[in-house]
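Input: structures, listed below.
Each of the next two complexes has chain A plus one other chain: chain B in the first, chain C in the second.
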Partner chain A sequence: MTGTGTGIAMSLADVAGQLESGMTIGIGGWGSRRKPMALVRAILRSGVGDLTVVSYAGPDVGLLVAEGRVRRVVSGFSSLDSIALEPHFRQARQNGTIEFTELDEGMLHWGLLAAAHRLPFLPIRAGLGSDVMRVNSQLRTVRSPYADGEELAAMPALRLDVALIHLNRADRRGNGQYLGPDPYFDDLFCLAAERAFMSCEEVVPTERLLAAGPPQSLLINRAMVHGVVEAPGGAHFTSCVPDYPRDEEFQAEYAASAATPQAWQDFRARYLSGDEDSYRQAVRQFRGRPAAPARTGPP
Partner chain B sequence: MTGPGMTGPTLAEICVVACAEAWRGDGAILAGPMGLIPALGARLAQLTFAPDLLVSDGEAGLLAPLLAPSGSGTVTEGWLPYRSVFTMVAAGRRHVMMGASQLDRFGNQNISCIGDWARPKAQLLGVRGAPGNSINHPVSYWLPRHSRRVLVERVDMACGIGYDRAAALGAPGNRFHEVRVVVTNLAVLDFRTPARTMRLRSVHPGVPVGDVLAATGFPLTVPDEVPVTRRPSAGELALIRDQLDPAARRERELR
Partner chain C sequence: MAEIVSLAEAVALAVRDGDTVAMEGFTHLIPFAAGHEVIRQRRRDLTLVRMTPDLIYDQLIGAGCVRKLVFSWGGNPGVGSLHRFRDAVEHSWPGPLELEEHSHAGMANRYVAGASGLPFAVLRGYAGTGLMAEGMASVRPITCPFTGEILTAVSALNPDVAIVHAQRADTSGNVQLWGITGVQKEAVLAAERSIVTVEEVVPHLDPRPGSVVLPSWTVSYVAEAAGGSRPSYALGYYERDNDYYVAWDPIARDRDAFRRWLDTEIFGMAETMGGR
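Now for the complex of A and B:
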């Protein structure tokens, strides 16, 4: 390992310890793709609740909602991709146990961009004429001050207390690299947040970053994040290509856990009652593989 | 392999071609198909009469308008992550074919929830990008189950906006709004009426007009002569069956 100092390496529990009830947290990835699931599981192990969660939502939101940690979801959808509807989110909406700020996907992008740019809002055409304006009574429109005079939706900044993202590689100073096809909006989530924490599949020495991908794969720079956690399998069961695809069998097991309250209790007892190592072990048992020794923390 | 003795087109294959026709004449814009049959339609259009069309691989890749030398693979010609898709949406360089849990006579679409939004009877996908799509560029719809439950008097949550809402919005905000066509398992519909309400454009081969009217939850404008949706050509059938969907997954989308 080269570089100065010890970097900003943290543990999953360290990150969870930075969160407080009532915070607004943003979660990177998209649907059931490259979600910081190990960090989400760390939140579940902490006592944090009453969260507002901003996300292109998938099982990250589903798990937090199922455990009653969420007051409000801010999103345009909630999906497991290969399973169209996120079952726990769906149930929470139908039971009226969460509040929902339902936005067009592009509005969510614009709200993050406004926050990242420290602007109060950004004008956007999306939303006009639709019921997004009806169900979000706080949304306003703004008129162009120029000759066109066009009226547009004024998407307010989505400022975050904390952002959580998961990338393929990072160094211990906070430079992060994605190796899959899409950066999603992870950089914007970080810049929209007071503090951002990045988990990754593997922490590598800085000089090894470019061995894995070109310079433009270095999506996150160290000015964007405040902590790095090495969490192999940290996006499981969402996809983290090219390291691993979505674990469809396990995702189906997760989706089935929304069927009855007992099914959820069984799921959380089996997979969420211990630390990340015991989660991995339980997943290996589910997949019928012999339990291998777990990797330890950052090198 | 298909050949001169190939069997006639299935309903799913007729629907693939009807979806493909939605993009005819669009030029070099991004096709946004939601669902397998629209995806096959977009790719079929790109490989035949609309080679300028941009087609996503379902992740962040763009498929070139050609088949790989192996015959059935694909060639990637570009990169289009979500952030760039949003820019293409706002730039108007896109024509999407979305699904709809509810669609009304003006083309208002709902994919968000059924019942009262505050406490829905059924939470569905959410609005996704439908509001932004419908205000920025042409949208079409694919309905694999044409029924009164889907084609309704009034949608519970307007995600993609229809012609009445676009009219209420007025100019210049509504200038990019267009609902192009609605392809269902029974028929093709459009909005070419004075009030911009839904009109029967063609019925699929063998479907009586009365069946379409009975399965629609509002009055449809019906022309004096209702055309029949065109059948796939032999070349199109061969492409669909041998190259684009050899496992015939398209048939399952209509069950």
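Now for the complex of A and C:
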């Protein structure tokens, strides 16, 4: 931690302590990319459950679902990128243990945008003429009040109690910077939420932010977040380029844990039973063992 | 794909009498050279659209090109009123001017809806204002189908022509602008046809922080017009000519002074400015 003055620095456990069972939380990143995994692991260590999770879903949703913390997922997909289907999400869906609001990705974007604008809905064409309208009986349409009279899908605002995101850099005041190729929807998640918490690879003095990237890389400003956590490796095993790529071997290890109940119990005992330091140590042990380099997807 | 032509050709090809024309650029990159060419080619009955009409629209109104103005603010920034605009509203000189006034947020949302191919945009503005009470054709209430809340639906803006100024285009007609940008991208995407004047045409566009890129296929005509946003400014090329804005006030206050300005600065400059 660097810099002086009043900041909004928090610990992972502080953020988890802000959550309550039954909340609707939004998780930034996309698929298996720049996910706030250290914050997700902090939730697993807390007693919080019965969550509604809004996410461009990846292993964030997978871990929470596998641990039975989720009542409903709101998403357009659930993927590990290099492994097409999130295996724990798939298992939960097949077993009917979670509810699922399945949306077109554009609708998810519009729902967050409506919430960010404090509007109750926004009109969109995506979803029309598809089963999205059928499987989401709560969706409605609106008719244009102009001469065209066109009927459009009405996407309700996806208001969030809490948003969790992970950025490459931040200052202690809550200005956050992404250095990879894509901002994803992290700014909208924050704006759609009552409270937003940002973890980052490194907290730097404000004046150093622009040394790392151009002005438009300052995706998050301090008016958008309520707490900052310095969490090196906080997106592991998802990617956080340019700081690190996805840990494909460990992701395959994670995916394999969905094969049987025993495999999951072994995985959580090895990696999720302690604090963040013990997680990192367990990952180092995994990386250090004589690995089979040809690890691929789940069986 | 965008055709690279002279400014005079671009205006001749894209702007027709009676068109709805949006010239955008907020303080920065205001397309003055293109506006002057529209005056020079004596277009008439235009509906001009712009979030912040300033000197360029004062000049077009005074020159008799304009039938209607759709806008959300009008003035000579830091100086005062637009006196050609006032003369048209107060005395119908050189002709009557119909007004359609919006909020800034309403105008921006209308451009976004037009650019998105949606018939309208939803916002909270207008409620309780005189703009709503006047029963404008482009502002209607809409009821949220979830909460029953009554919001405002502004109709999409889809101009016949959008005209903007940018720093650069490449030889394929891809356009790049940076610095303070307004709704140029949305205006171009919403319009049927578009003209982009640029400071220079270069072989390749290099990446710039925060730049807006308009791919060639979104633009109709690109015309090189160095200094084309003077007296406003073009970041990286020249600064704002604040003295010009101050000097405009006495010219605009007096019909004869304005006529002399038209003759010397616009119609007398056809060779150098229009390239005709």
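Basically, the second predicted complex is superposed on the first by the 284 of 299 C-alpha atoms of A that agree within 3 Å, B and C clash if a C-alpha of one lies under 4 Å from a C-alpha of the other, contacts with A are read in each partner's own complex, and residues count from 1 in each chain.
Note that in this section a contact is a pair of C-beta atoms (placed from the backbone, for glycine too) under 8 Å apart; a residue touches a chain by one contact, two chains touch by 3 or more.
Nothing here was measured: the structure is a model prediction, and the numbers come from that model.
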**Study point:** chain C versus chain B on the shared chain A, clash or fit after superposition
**Key:** fit
Revision key, fill the gap. Chain A contact check, chain B vs chain C, more residues touched by chain B
Check your understanding: Thinking of the overlay built on chain A, is A:R140 touched by chain B (first), by chain C (second), by both, or by neither?
Key -> second
Practice item. Scan A:A154 for contacts with chain B and chain C and give back first, second, both or neither. Key: second
Point to revise | Partner chain in contact with A:R90 - chain B first, chain C second, else both or neither | key: first
Check your understanding: Of the partners chain B and chain C, which touch A:E105 in the superposed model: first, second, both, neither?
Key -> first
Review point. If you stack the two complexes on chain A, which partner ends up touching A:Y184: first (chain B), second (chain C), both, or neither?
Key: first
Exercise for review: May I ask you to decide whether A:R125 touches chain B, chain C, both, or neither, giving the answer as first, second, both or neither?
Suggested key: both
**Study point:** Per-pair minimum CA distance [chain C against chain B, superposed on A] in Å
**Key:** 5
Revision key, fill the gap. After superposition on chain A, the chain A residues reached by both chain B and chain C are 124-125, 148, 150, 152
Review point. For chain A, which residues count as touching chain C in their complex?
Key: 117-125, 140-142, 144-146, 148, 150, 152, 154, 156, 214-216
Check your understanding: Which part of chain C faces chain A closely enough to touch in the complex?
Key -> 117-120, 122-124, 140-142, 144-147, 149, 151, 153, 155, 209-210
Review point. Can you list the residues on chain A that touch chain B in the complex?
Key: 30, 75-79, 84-85, 89-90, 93-94, 96, 102-107, 109, 124-132, 135, 148, 150-152, 181-185
Point to revise | Partner chain A, residues of chain B touching it in the complex | key: 59-61, 79, 81-83, 86, 89-90, 112-113, 117-132, 134-136, 157-161, 165-166, 168-169, 172-174, 176-177
